[in-house]
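Okay, got some structures for you below.
Two complexes are shown next, each including chain A; its partner changes from chain B in the first to chain C in the second.
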Partner chain A sequence: MITAERKPFEEILELLEGKEKVLVAGCETCVAVCLTGGEKEAEILAAELSIKAKEDGRTLDVDHISAIRQCEWEYLDAIAEKVEQYPVVISMACGIGIQSMAERFPEKLVLPAVNTNMLGMPQEHAVWIERCGACGDCVLGVTGGICPIVRCSKSLLNGPCGGSHDGLCEVTGPNKEEIPCAWQLIHDKLIAQGRQDLLMKVTPPKDWSKSNSGGPRTMVKEEAKPV
Partner chain B sequence: MSDNGLKAGSNLERMFAAGHFVVTGECGPPKSADYDIVAEKAKALASCTDAVNITDNQTAVVRIASMAAGYIAAQNGAEPIMQMTCRDRNRLAMQADILGANALGVYNILCLTGDHISFGNHPTAKGVHDIDSVNLIRMYKDMRDAKIFQCGEEMPVAPKLYIGCAENPFGDPFEFRTLRLKKKIEAGADFVQTQCIFNVPKFKKWMEMVRAEGLHQEIKIMAGITPIKGAGMARYMQKFVPGIDVPQEIVERIAAKEKGAPQQEEGKKLGAEMIKDLAEVEGVHGVHIMAVEWEPAVPEIAEMAGLLPRPKLS
Partner chain C sequence: MADETTTAAAPEAVESPESANEEPQKPIDPDFEPEIIVFGCHYCAYAAADLAGSMRLQYPTNIRMIKLPCTGKLEIIHLLKALEAGADGVYAAGCLEGECHYLKGNLWARKRVEYTKKLLEEMGMEPERVEMFNMSSADGPLFAQRANEFTERIKRLGPSPVKQAKKAPAAKEGTPA
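Showing the complex of A and B:
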């Protein structure tokens, strides 16, 4: 799933400086599951903005709404009536949802309330871990199902580097958390699977043209297009 | 390969070919446009080593580029080993830089992954990591031997390169460290410099595994030595430097002396003892002395270890 974190309140206030009529728009898909931008979180942000405006003695007409998926036209159509009433929309959807909102309602000022950060999985309740870099050229078949592109801090295809120690990466995460060495995990998994021969194969340089390095990507399923 | 059987013909390669126990040093370029600092370090190392590593934005901190500093070192009598990390360049820049360096007379190259960008002075920068060090070695080998760029295009004049790599016998998974060296040899590495060694018994165990695979016959192995300047440095490396294994008895040996000159003397003595010890290990072809911001200590350590004068090749 796509995960996102809410921006600091001060940054949201800066983005909304001078605005008097604002709609907070949540999304009920990925950002709701990661407890960042669903209807409940949209309601909370709207309330916080309202309280802050009152404290500052400002006029602010703020309300909230949530789309089933902000990244699809039909679900944006479903909230269009409400959106039309506000000149400014602050979206709590992922970057895709925010841009879809801006494209669907070109006359509105659409602002982000979250930082979209990764394609992650819920490791345990309230903890998400990055699992995929959407690189367009999956190597999981030769790495024991463990992605070296996002789980190795240096995206090594032929690791581990010299900084692997006691199963941990030399890098500590942004929240000071310990990071498991992806190549220690790959090493152990391939041996456990009896596929250690793969460890001795050199994986050639990656074709990054299939990732965003090749420019923005478009996917077309010709067979599914309406005739 | 040229008619004389050499790949690059550098002093480093020829010293190995002549069967000498080889000595390399290390020069960290300054964090400023200061020619003289590089020149002085190079001069200090020129007479007591056979070649000198020129670090590439070491610890992810911006410094004079390794190509330029390598050229300055050469102008001042030290044969450069240009370090190249995968952190700061994509494959275009890596190939362009090696062509440029080679055209300027830099023939030894050390292929490294590079310390992670978060350790340096620009932690918000984007780490490149387009290709990794194993693929970097192979790319340079192909440029040299097949006269082709990574994309497969041919070039009229190939670079002459003596290709090095690094390996850390103290990294994990320990058993895989020899196999990773084997991968680097297969990719095209001619010599390897190890991470600095403090835990000599563990290094010897690693060398046993290297010999069991026959790797010491396929690559020139240089044992890494970092002289310890004081107990504070030993403790810092023990606790904070990734991939370095400093046994407690080493910290205690240095700490037993008074701070300042006595600890420095002990550090030099320990370095020289370790070199003598490592030189006896079968399959060790040389020593790489990394005196971090302490280059002037190298001649003395080399002297104490019986490595001077360096043989001059005709």
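Showing the complex of A and C:
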């Protein structure tokens, strides 16, 4: 799923400086599952903003709402009546949802309350780890189902490199956590599957134009287009 | 060197170091009667409050108790809404750790209270305005003691900034008439 983290409260306050009527808009899909921007979290942020305004002696008309999916026109239509009442919307959806909101309601000031960070999976309750780089050219078929693009610190297609020691990468994560060497994992998996011959094949450079380095991507499914 | 009396008193007087720190900061307003919301677990705190009543123990009338089936039902938003509505302090009273009727509800409540403290800090409000206490249903005296301690704590902190802001416009409305 798409994961996001809430921006620091101070940053949110800066974004909302001088605003008197604000709607906090949550999204019930990915950001709700990663406990960042669902209805519950939208209500909490609205309460925080309201308390802060009262403390500061400011008037702030703040309420919250949540769309089933902020990234789809239909679900934005479903909350349009409420959104129309507020000049400022602070969205807790992922970057896609925030942009959809801004596009659907062009006259509104739409602001982000979260930082969208990755395509991750819940490793355990309340812990998410990155699993996909959305590179547009999946190699999982030859890497034992382990993605070298996001799980190898160097995104190597032919690994491991010299920085792999005892199954760990020489690089540590942003929170100083140890990163398992993706290529060690790939080796172990392919050997266990009896597919070690794949390790001897040299994978040529990837076509990165299918990733976001080729400009914004568009996907069209002709067969599904309305007739 | 800690002599025997201090060591013995330590577990009971959890609040005393803090009170020593807080007191010099601002004088206590004798007219301030805090409004305190208590989210009490049906299996312990609520029964303990009953027991305190049966034992004719005195505790402040400042507390208003809301019964929950378990403090695990307590959400962050409940604590925030109470403060937003003007409560001066809010606390949850759940079972002793390890004795929750639903196994871990009180541990979840503690985490949520701790998280709410962080939110209050972000908002510039004293995190001490929310708290989590544990007690058993046989702890009538402890229920009264916690109610006393917390009321004292909130009296030291003074009225909630939210409430003060709320009162200000009301006073303005009253004067012209």
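Here are a few things to note about the model shown:
The rule we apply is simple: the second predicted complex is superposed on the first by the 227 of 227 C-alpha atoms of A that agree within 3 Å, B and C clash if a C-alpha of one lies under 4 Å from a C-alpha of the other, contacts with A are read in each partner's own complex, and residues count from 1 in each chain.
The criterion applied here is as follows: a contact is a pair of C-beta atoms (placed from the backbone, for glycine too) under 8 Å apart; a residue touches a chain by one contact, two chains touch by 3 or more.
Just so we're clear, the structure is a prediction, and the values are computed from it rather than from any experiment.
Residue contacts after overlaying the shared chain place A:10 against chain C, while chain B stays out of touching range.
Judged by the touch definition given at the top, the superposed model places A:217 against neither chain B nor chain C.
With both structures placed on the common chain, the touch criterion links A:170 to chain B but leaves chain C unconnected. Judged by the touch definition given at the top, the superposed model places A:21 against neither chain B nor chain C.
When the shared chain is aligned, no partner comes close enough to touch A:195: not chain B, not chain C.
In the superposition on chain A, A:48 makes contact with chain C only, while chain B stays out of contact range. Measured by the number of chain A residues touched, the leading partner among chain B and chain C is B.
Using the contact criterion defined above for the overlaid structures, shared-chain residue A:40 touches chain C, although it does not reach chain B. Chain A contributes residues 8-10, 40, 43-44, 47-48, 50-52, 54-57 to its touches with chain C in the complex. Chain B meets chain A in the complex at residues 86-87, 91, 113-116, 118-119, 127, 129-135, 138-139, 150, 166-168, 171-173, 176, 179-180, 182-183, 186-187, 195, 242-243.
Residue ranges on chain A touching chain B, taken from their complex, read 153-167, 170-171, 181, 184, 187-188, 199-200, 202, 204-206, 208. Chain contact summary for the complex, chain C toward chain A: residues 75-77, 80-81, 83-84, 119, 122-125, 161-162, 165-166, 168.
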